[in-house]
Amino acid sequence: MQHHIQNKIYHVEILPPKQDSEKLEADLELFVNKYTRVMESGYCACITDNAMGHLSFQGTEMIEELELPVYPEQVMIHLNTFHTKENLDEILNTCIAKGIKYLLVVSGDGSERLPKLKPSDIGAEGVESVTSVELLKYINREYKDKFVLGVAFNPYEPEDHEFEKMERKLAAGASFIITQPLIEKNAVVDKLLEKYPDVPVIVEAWMSKKLHLLSEAVGYPIPENTEYDPIATLKMLHKVYPKCGVYLSLLSFKTQYDLIKDTWVNE
Amino acid sequence: MITLTDLERKEYRNIWVIAEVLSGEIQPVTHELIGAARTLADARNSQVWAVVLGSGVGDKAESLYAYGADTVIVVDDFRLSGFQDEMEARILVRLIKKYKPEVVVCAATSRGRALIPRVAVMANCGLTADCTGLSIDPENGDLLQTSPAFGGNILATIRCSNHRPQMATVRPRVMKAPEPDLNRKGQVIKESVLDTDLDKMKKIIEIFRSKETAVNLSDARIIIAGGRGMKGPEGFELLKQFASRVGGAVGASRAAVDAGWIPYAHQVGQTGQTVQSTLYIACGISGQIQHLVGMQSCDMIVAIDKNPDTPMMQIADIAIIGDVFEIIPEIMNEIPKL
Amino acid sequence: MKIVVCIKQVPATNDAKIDPETKRIIREGQKAIMNPFDTYAVEEGVRLKEKFGGEVIAITMGPPKAEAVLREAISVGADRGILLSDGAFAGSDTWATSYVLAKAIEKIGDVDLVICGKQAIDGDTAQVGPGIAAHLDWMQATYVMAVESVETSSITVKRMHEDGYDVCELQLPAVLTVVKDINTPRVPTLKGRLAAQKYEIPVWKPEDIGADHDKIGLKGSPTRVVKTQAPDPRKASTIRIEGSPQECAKALVRELRLRSLV
């Protein structure tokens, strides 16, 4: 992951089509186009796992069915706790078969349609519920040394709790961190960097102009500025966090993609 | 469908309540229904009849006079001891044909909701499910049935003008059971199971009645929910005790579930369950949008929190400012163990 | 075993927003999904087929776009899908709907088992399953939480009740309605979905199932909805309670008792 930061490799989030898509063929094509562009640019495609609890196709399915090429340094799959054990193992085995090594392990968002791992499924004892920590332990145990595991950090949740969780995540096998979207310098993220100078940290940049959506995603009210300029914010984040990588969410492939080849400037 | 002529419709009189019977005992919801039926019968100048089907119910039926039943039809037969929906449906259709009730109501319980739709189709009449309100239209005497739809986001008023009887299943604990008047008298009609009722008899292999009701969030009347303010799984143990005391279910915010303090099955909110309970007590939940979306339709929201200004404290009907760990035990002191 | 699963397309409720004025959920621009309870019915049908052999046929009564839920059923293992769609079916209440589905099941012929979800999340009536059983004059079991065993002419199931459960055996052919405890529905795979896209889904009309026009649509519906309204908006004011824990507790319990809540 350090090499991504040093080589200014953007992590570009791509969402697979939703299961209830009424134009599946078109959505599949769109995904292939985005993925291919990211590969050609040398960036890393980060494929989500039923984001926001919306039943979607899996990243591994997309890669397999659509026969997409995998360059191990350029693919990251999100993996959450809303799977049956069979499905979880299927995904992990497919990743290994395809050479996918970066996983972002999160608790995730559930919904009506999504099954949830039970502690007994993955040999977790003494816990009521499976979180990213138990999932990390499982992967580390059953699929030892096969993956590079990342975790999320939420600077908008109470600090003590987030830092305590981070300790447990790192102890369970995580080796890189991705933060929630930042629109400015964040004191809690600063603390994180201070506390873990050797852990690669990737900050998320919100590339959509719709700040109210960000508000909903992080769960706290963000005052609506008159104008939010995602590209300007991105440049600012590079300056303020020169030692961090950047994860781009909601990037517009139409209007913004061509601009980001010039944005990663650290001074 | 064949509709009734005006003359035919007028032949139907009286308000029937199908008693909810478990193991030979008439359940309290029956009294609620008789109370509601009484109001309807008074508006129609007619009688309330209770229909009791079961095994070993013979001597219990007359207890219903005290609540307002004028007549009780009893079918007491050992073959009705388990829940025999097909047999009961046959019997009810036969009784309806014979006695022509104008309205038939039944509790919207698992049994009622299995039985009455079958009866309605067999008897060619309309049925409204899970009603929270029943009244008589003063203009024409029709039954007006109010029933929630879209998970409680819409209230529909339904009428069945051309078919009789008008049938409704009624949500338990919505109507008020009247105070019993032990001086009230009535009459009993004994009817029986016929051989022709037996061709669709189920074989009941096992019956299990649990001491604690299996409460799930979507059907729960009371939900006690906890958030980050509960500080850990021990906090949820307290909530479980509280819930048990009031006959409620335990809910949770996403923060508590993500922290691993309580399983995901208890999560209320956008990426969890949407609930419409009668009472929602939020303990130490700040009330982020994603959570509020899941419980906004609850009839009464109570919030307990140290912080008086959280979104949850603002939308709550009753906001209690204080420490949940001190207040909840005191609330439990006020509510005696059953 | 020839199994028919009756499914329904309903508006989704997941994308809710709150109206700041009424503080109620705004239901706009709803996506259409398979009724959640029906996903359990489809899964159970597919599991029984995998265990005992046979065929699973998904049927739905709805507008043309309802064929999406049939494709979804096929993508998780149903063998066929049939859409019952015609202007004459519109306006059907549960009596008429269960009649149409029953006629379709008769037309399919030699059906051993019909499985429905407990209820649809829009109408919330839970009446169609037993209604189908009544129209067909078959046995029924509702709120089924497990299928214990299947023999040539009988099926044994566990039914859920508020106070526990019972286990009973009923004769086939029969109608079951199922609850969420019965299984964990598999999630469609992209592969399954792409295969399902290719299916030709037949559309049946009243003539195709020999339906009596007096028993379908508005004509076949004894109930009429005369009015719909939103529930009352949340009242704006909050009763605030402060003081010692004991005082707070007493005040709260008094308020709850006033409303017969405890």
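Chains: A, B and C, in written order; residue numbering restarts at 1 for each.
Just so we're on the same page, a residue touches a chain if its C-beta (ideal position, glycine included) is under 8 Å from a C-beta of that chain, and two chains touch if they have at least 3 such contacts.
What you see is a predicted model, and the numbers here were worked out from it, not measured in a lab.
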Contact-connected components, chain B excluded, all else fixed in place: one piece
Distance-to-centre winner among chains (Cα means, whole assembly as reference): C
Centroid-based (C-alpha) most distant chain relative to chain B: A
Centre distance in Å when chain A and chain B are each reduced to the mean of their C-alpha atoms: 45
Where chain A and chain C are represented by their mean Cα positions, the distance between them in whole Å: 36
Whole-Å gap between the CA centroids of chain B and chain C: 19
Interface hub residues of chain C, defined as touching at least two other chains: 14
Multi-chain contact residues (two or more partners), chain A: 53, 111-112
Contacts with 2+ other chains: residues of chain B: 270, 289
In the complex, chain B residues that touch chain C: 1-2, 22, 82-83, 85-86, 89, 109-111, 113-115, 117-122, 124-130, 144, 147-163, 200, 202-210, 213-214, 222, 246, 270, 274, 278-279, 289, 292-293, 296-297, 300, 302, 308, 313-323, 326-327, 329-331, 333-335
For the chain B and chain A complex, residues of the former touching the latter: 228, 233, 236, 255, 257-265, 267, 270-273, 288-290
Of all residues in chain A, those that touch chain C in their complex: 19-20, 22, 24, 53-55, 57-58, 61-62, 65, 84, 87, 111-115
Touching residues (chain side chain A, partner chain B) in the complex: 52-53, 107, 109-112, 116, 127-131, 133-134, 157-158, 161, 165, 216, 219-220
Chain C residues within the chain B interface of the complex: 11, 13-14, 16-18, 23-25, 27, 93-96, 98-99, 121-131, 133-135, 139-143, 156, 159-171, 214-215, 219-231, 234-235, 238-243, 245-246, 248-253, 255-256, 259, 261-262
